[in-house]
Every structure is written in structure tokens, then in C-alpha cells.
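Take a look at this one; I'll ask things after.
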């Protein structure tokens, strides 16, 4: 699937494909033309991805081929034992979790589960978690605390599910409780925004000692569309809203919300899963090593101070 | 309402009432006859209640006029602030709880809520709690722990509600979690069986540092009717089962399950609420005083040892 | 209950002298302004509890003369240099300051409730819809730290549409920041009571407002995470009338008690007897 | 799933030589005894996991030769001098001992799971329906204390109809007693894994079996607090076919994972890698 801003690149790729097909005929030889076009495509990809607008980045962050938690589980972690249920009402599929191993390091993995097909999206409610998802996440974090395992949270959600049942069963309470409990959880929490960081639904598993973002992921208090329809009274102004909300990794690093940006391959994470995961893995392991050395008391104190600093009022 | 074994007493009382009515006629004077009959009734009441069978006691424990939690709240506690909800799914009416004051002493009161009319019984599900009731109870106990308030639990239930929804929402889990958490709750827990102590549904708020029983209350692993229909294959053998199960306060004291028996007035608690409550109040305050002096570490250790001793295997 | 769905049958028609009348936002009844104020903005027709200013709220809850404000100087900060269709956020914030006489959407301070010393924070919906800006979050956290230091019970009266979009992600993070403050109080066993007033929604409902040791609401208060319209669009069905009311949340287990406005102060001091019992 | 509701269409008719056949308790299929045993009593027709004896269970889970029993001498105690229509409990208990070769409804001990040392307790339904007697509870608690002392993960395999009526209130109190043991493990951060096998009901489901750090069940296991018949009588309606199956409980959030019998040992040792990670 080609995104809007990728159109020229997509056209070029199509020509390369056509030429490659023609080239199968032994009577012709387009080798040099193909090589030239490929080079051009590579340059174009570099150019396009070097100057993405905030709204472009939203499209990349939502790309259906972008690595999802199931891809990370399959290809980046060497082991995963899924654990189900909130021990109270149900087993949400919008957030999943379990024991996982990364580079030989054992941890508790928790993350939003988006789908990449209609079927898988319906099964996981498009990555929009219900209260049971947040409560399962908290249960697993408490289990990690008991077993002294670090927690890794992968964030990728349009937001918490805005459904009647979700409200009735305490969407607000579930998120609020997680924010409170995560503040003093006695093991390191490493958060990685891998795609969409959608508001409270993201933050509900997003309080951590380090918050990392993939270069083309976004993290926002409200969707650009939602913001545009409220503040611009026109949902079509989403690109303007996206710009104004400062939701890209660069801006968030500058604002002190994000601790590190994880680079993506030219062409975006969806263009090269394996290169992406290599970087994500490296980044997580580095953080685990860093926080592993810190005493529990110090860890929680640092975490508290980190959040106390965000938006701290300064005169003038 | 007269219980079966109270029939002779009931007949006598009727005669006294009739005679008293006739006595209104100034032309007659039955004063001495009435006084004699009243004395006889008093003696008879004493005799009847001095030799209750286990099955009789079950009837007394289930008497609709027996003081219920609402009566204790109204007449024994000087203040009650009900707190609602399990912060997860609902607000059960089979178990209620809140801040309460007894003899100037502040505490967290939790108890089963039976009704004494069809309407009030339906509203509180006949004192059969749902998982939300046990979860609310646990939440309030944790709140008591935060505020360093002792917990007082009044037990009066036929058992946990055996409904489809209750099973689906984890009746077993809710009770099990309470048993586990109550074992290490860092404030004193005083349990009083005031009426029916029905199996796991009673125990779910019944783990404590002291377990007291009103003299005519019962506490059992299964209802006599249920036991009879399984082990005697005949529900009508309930009186035999009641005897065999040793469910009266005397037997339970002997077995080391109960720490103290709270005396009831002659004629049972339903015959004189105020006298009953005086005794219950005295007994609870005594226990509160006792456990108030003990350090938290010691308190939990003693509580653990108390349960470890129950049914501890001894050779021979 | 359907606070906002009642018919207007009780509405007094009052074309003349509109300055004499208040209109209930819930049932649209027209009430004599004098009666409305005397009834502390509780509708005599439908019992709806309308919004109060922070001054009215403090007057209602705090012993006269005992309130001392903390961190009054904290104002909104325009972290994003945010400009929307209506102009810059900084101008909007300044206008709110001028309009309300407040520096932020919340007032924090110390005071007594029937002689019991507390730390209290009161949100005011007039200030940018009671939205959770960084100044708001910062004041909530600082007041929590004050309560911690002085071992005083902490009370927050919420009234908010949620996060403040104009401060973007910095606003979102105030949810985590305020909850971190509450977590500290929990660890230190300092009481924290949350009072939810109309309306308490979005990011405020999903953070400090919902994690009180005791959650109290006024009758009819709208409380919820997602907006009613968004939910109806998502699930393609109409919601029940009482959806997201305090009464609905009580039934679903998230509110400890619904307390009438004129009984709130005494209720609080009663509760505080237990939180500070020794 | 409706394990116990399947039609008998797959049932092999086998009038001849009944000693050669096993009958699946769930779908009533007749399976060659040899196949049945080779398949560790998992029905090839409906995948139902039938009850195992403690010996079979230990063989399935514990490294050969590594099991060492603890507290073997603990037997039922007749606290109530209980006599029912069929006679004294003490005789019934003695008969169970003779029949099963066990002293109680549970075996406890130490052993290795793929070389990881654990403390394990295995209930056996053959002994008075796996009921929770005082001996059972005492063994569970003592094994928990052993696990605590030696800092070993604790695993309980449940299979029980619930409390043992013949021991009355003393049996009920074993629920509190065993959970007190689990509470101690929690405080000391010692792993506790609960394996629920067919059936795990009543007082056992409402105590130690349901509060594992991780609750694992075998496919088709019946798990519930109240009996199906009692519930149907109470609510006057039919229950869904899959009611109180492991699959139903997974969906409702109470089971972490359903694990097939032949994968259980490796699953456990995988999980144990995480519980003992440093």
C-alpha cells in the first residue's frame, strides 16, 4: 500500500517492475536502465522520508504493514508465553502480554494488539483496549514485580475503546489505576511507542523509566482528526492540527517527553521490518542494562522526578 | 413467628394474650392467673432454649426477626457511612460496608445483608453475595489498612450466590483472593457470626484474629439440607446432618474454630435485640482492645498460626 | 435519571425580565435567580447540581477565613506555541485569566473543614473548561507533596472536560504526573478523597479523579472517559439516559457515595474522622 | 465446547471384550484401552483430559527418580466423629487409604521439572473425590512452608470436588489455612503456580487453586464454585454448554493458559525460567 506522499515513489517502483518484467525477454537488456531507476528510487525514498510532515508521519505510523506486536513477538523476541485474563471479568485482545525473552534477557512484555486485516482487526478491536486490557496489563506488571522481571510496553493504539460496555466497566478507572500503580512499580518499565500513541489509551500502559519512540511513530493527546474537528471545526484540517500538536518523535524529544528516538530504515519501518527490529532490540536492551543497575528506591525516585519535571511551571 | 420447637411457648403466650384482653373488663380480675402464666412462660422459654437441638438452633439462626446488619447499624453502632462499589464492575447488596463507630471506637464494618421481607430479601439477594460483594469487601479492608482502622465483619449468609453470572464473574476467584489477602491484612480483623455462617460465602469475609459466635448462630461447611441430600440421600434428614456436622457455637468452640461465644438472651436474639446487641458490643470492644495492643508483625504471625493450627495433623 | 433528558413541562415561561431568571442546564426549568443562588445552584425541579466557581466551592466546604492559597503564581505555559483556527493558545489563556480572575483551572491551598486541617484543590470549569494544563497538573502535584510533607488529608474537587489539547502531549502527561503524586500519598498512607462534580470527563476522569480512597460525586454529575457522541458514533446505538451519570457510576461500582451539595461539608468532616483516627 | 454434551456418534460399539475398552467420560466414545493409556487419558475423539492418579501425574511432570515425598504419614482425622447414613467417616477414610494406597487426597514432595527443583503437590480424585480434608490442607500448608524455607517454586495440581463434608467446619477452614500459606509465599516473592485439572470445584476452586501467580488448566477441565445443578435450580434456566469449562474461564479472565497434557511439563519448565530469572 502506497501512502499519499509516496505516490511519486510508487510510480517509479511500478516502472521498475514493468521494466524488470520486460527484461525477462532474453532479446532485450534494460539492466543499466533498471539500475539507474533503482538508484533514483532510493534517492527519492531518502528525500521523501527526510522531510515528512507531521501528517505524513501519522500516515506512516498507521501504515498497515508497519510491524505490529505479533511481528515483534515472532521475529524480535526469542520466546513468548502469553498470559491471559484480568482475574475479574475477561480477557481483552486489545492489549496482550506475557513472559518474553529479548537477546537472552527475560522480561514481561505488554502491548497493544492491532490487526492488519479486517478479521484480525475486529478480533483485537483495532488495537483499542477495554478496561479488562488495562487490568490484565496491571496484573502482569504486578507479576513481573513479584518475579523481579523488567516490563517492556509496546504502544500502538488509536486510543482506548470508546464503547458503552467499556465505560460501564470503568475505562477511566482502569487507566487511572494503572497510572497510579505504574508510578511506584518496583521493576524497570521500558516503554516503546512503535506506531500510534493514542492519548490515555496509550498512556494507560505508557508510564515508564524510559520512553522511546520509533522515528516515524506519533504520540498525541488527541487524534489530529479529533483536534481539528474541535479546534478548527473541520476534521479535514487534521494536517494543520497534526503540525500544531507536535506529535512527532523529534518534537517530543525536544519537549522532554521522550528519552530516545529509535531510527527507522529509509522508507519507514514497514519497508524493512528486520532492520527496524534490530534497532528496537538494541535500544530496549540498552535501557534494560541501564536500569538494571539502579536500586529499586532510586528507580522509583527517578521515575517520579521524571514525571514531576514534565510541564513543571517556571516563571517568565 | 413461632418456630416449631417454640409451639408450646407460643400456645401459652396466646393464652396470656387472651386473658390479658379479657382482663380489660373491669368486672373481672385475672391478674394473679396472668402473672402465674407469665412466670410459666418464662420458665418454659428457659427450658426450651437450654436444650436446643442443632436443628432447632439452625431455625433460631435463620429466624426472620433475628437482628440483621441493618439493625446493628441502626442500634449498636453510633455512626455508619456506607461506602459502595468494587471499583471494577458493580455494587453488590449482599455484602455492605463502610466506616462505623462502636462505643467511640472507629472501625471498618463489613457484613452480609439479609432482608426480613420479600422486598428487602430480593434487593439483597437473601444475603447471598456476588463476586462484587467480596471484591468490595476487600477494597474496604485495604482502605481500613491504609487508615489503620480495625475491621469488623458480621457474618450472616446462607452462602455465596450460586448464579450463572456470579460464576462467570469469578465467585471462586473473589473468595479465594479474600482468603489470601485477609491472611496478611495489617490491621486487626474481628469476625462475628451473628446468624448463618454459610460455607465459603461466610468465610470469604470470615478470616480474622478473633472469630466470635452468637450463642444460637451456626457455622457450617454446607447447609444441613445440602449435606443430608448428599450423604443421606434425603433432604429431610437435615436434623441428623445438622447434628453430625457440629455447627453450633458450643461444638465450634470445642473444635477450636471459634474463640468466644457471645451469650444470647433467653428466647434467642430475636426475642430481645437490645440485650443481644449489648453483648455483641461488649464482646467486639473487648477484642478490639486486645488486638489493638499487638504489633502488626505479631498480629499477622498470630493470625497465621491460628489457622495453621486448625486441623493440624497429630499422630495417633 | 436522565438529567439532561427531562421534559420541559416544569419550565416556567418568563419572557419578561430575563435578568431575574436562571435556566437549569439539565431540565431547562426557569428558576428565580435569587432562589437558584440560595439553593447553591441545585435545581429545585430536577435536583441537578450545576457548576460552581472555585470561590463558591471553597465557601461551601472550607471554614470561613481558613483558606490559604498555595502556588497562586502558576499559570498556563504555551509549550507548543500552539495556534489554532481561533488564534494562539497564549491569548486564549490570558483571556481566561482575565475572565475568571484565576491563573489556572485549579486553585490549591490549605484550609479547615469543620476544624479539620486539609489540603484542598478545586477545579473551576470556567477556566478553559477546567482542562488539565501543565499548570493544573503541577499545582495538583505540588499540593500533594504539601499534603505529604504536612501529613494532611488531600481533597480534590474535579470539574473538567479533560486534557487541554493546546498543550498537547504535555497535558496528557499531567495524567501520569498527578497520579504519581497520588501514588506517593498511598505509600505514605495519607488520605486522598476525590470529589467529582459536573462534569468530570476525559483525562481527568482517567487519572486523579477516579483513584480516590473514597470517590464522592454530586447528584447528576456527568462522569466518563469518552464523550457520549463519540461512543454513539462508535457503537451505532443510542445510550441509556442515565449513562455516565454519578448514579450510573455508583451502580457500576466506581463511586463510593453520592452526596448532596448542602450535605457535602459535614459528610467530609465525618469521613475525615475516620481517616485520621488513631 | 460442551465437553459433556457431545453426541455419541463417534462411539464405537463394543459389546465384546469390555476389558479391552476405555469409555471417555465426556463423549462416551469407546477407545482401545491401550490407545487410551498411550494417549495419557486424553480422548482422541473429543480431546477431553480425563483424571489421572497422582502417580501418573508425577510421571508426567517430574523428572524420573527425582521425586521425594514429604509428610507421607499425614492421614485424615475424624474431628467430628462423623457418621452418616453409610456409616462412620473413619471407616470411609480407611477404605480410601486401602483403595488408593495414599494416606490423603494429596501427595506432596520435592522434585525436578526438566532439572528445575520445585515443591509439588498433586491431588488425586480417587481419594474421597479429592476432597479437602484437614490432612489435605495441612499437607498443602506444610509444603508451602517447605517451599518458603528452601526458596523453591511451588506447584499445586488440583483435582477436587471441594471441601470434605465429613470434617465439617474443619474442612472449610482449610480454605483459609491453605490461602494463608499462599499469602506467605506472595510476601516472600516465591513463585506459586496452580494447575487446575478435571474437576476443580467448590472450596478448592475458591481457595488455593484460583490464586496462582499463573493459573493453568487442562483442556475441558470443569472449574467452578457452585454445582451446575444447584445453579440451574437457583436461576431456573439452562446453562450454556461450555459453562464452567477451562475454556469458559479463560474467556472470562480467570485462567492464564490452557495447556495440553503432553505439553504441560515443558510449558512449566519454560515458565519456571522466568520465575527464577535473575
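So that you can tell them apart, the chains are marked A, B, C and D in the order they are listed, and the count of residues begins at 1 in each.
Note that in this section a contact is a pair of C-beta atoms (placed from the backbone, for glycine too) under 8 Å apart; a residue touches a chain by one contact, two chains touch by 3 or more.
Just so you know, these numbers come straight off a predicted model, no measurement behind them.
The minimum number of touch steps linking chain C to chain D comes to 2. Farthest chain from chain A (centres taken as the mean of C-alpha atoms): B.
C-beta contact counts were set side by side for A-D and B-D; B-D has more. Per-chain Cα centroids separate chain B from chain C by 42 Å.
Annotation: 33 Å between the Cα-based centres of chain A and chain C.
Shown for chain C are the residues in touch with two or more other chains, namely 186, 252-254.
With touch defined as above, residues shared between interfaces to two or more other chains in chain A number as follows: 87-89, 169-170, 173, 177. Every pair of chains that touch is listed here: A-B, A-C, A-D, B-C, B-D.
Contacts from chain A toward chain D in the complex involve residues 79, 81-91, 99, 106, 132, 136, 143, 146-149. Contact residues of chain C toward chain A in the complex are 71, 73-75, 77, 79-80, 82-86, 133-135, 137-138, 141, 163, 165-177, 179-180, 182-184, 186-187, 202-203, 205-211, 223-227, 230-231, 234-235, 237, 239, 243-244, 248, 252-254. Taken in their complex, chain B has these residues touching chain D: 160-164, 166-173, 175-177, 179-184, 199-200, 203-204, 206-207, 219-222, 227, 230-234, 237, 241, 244-247, 252, 255, 257, 303-304, 307-308, 310-315. Listing the residues of chain C that touch chain B in their complex gives 186, 189, 191, 213-214, 250-257, 267, 270-271, 273-275, 277-278. Here chain B touches chain A in the complex through residues 87-89, 135, 169-170, 173, 177, going by the rule given at the top.
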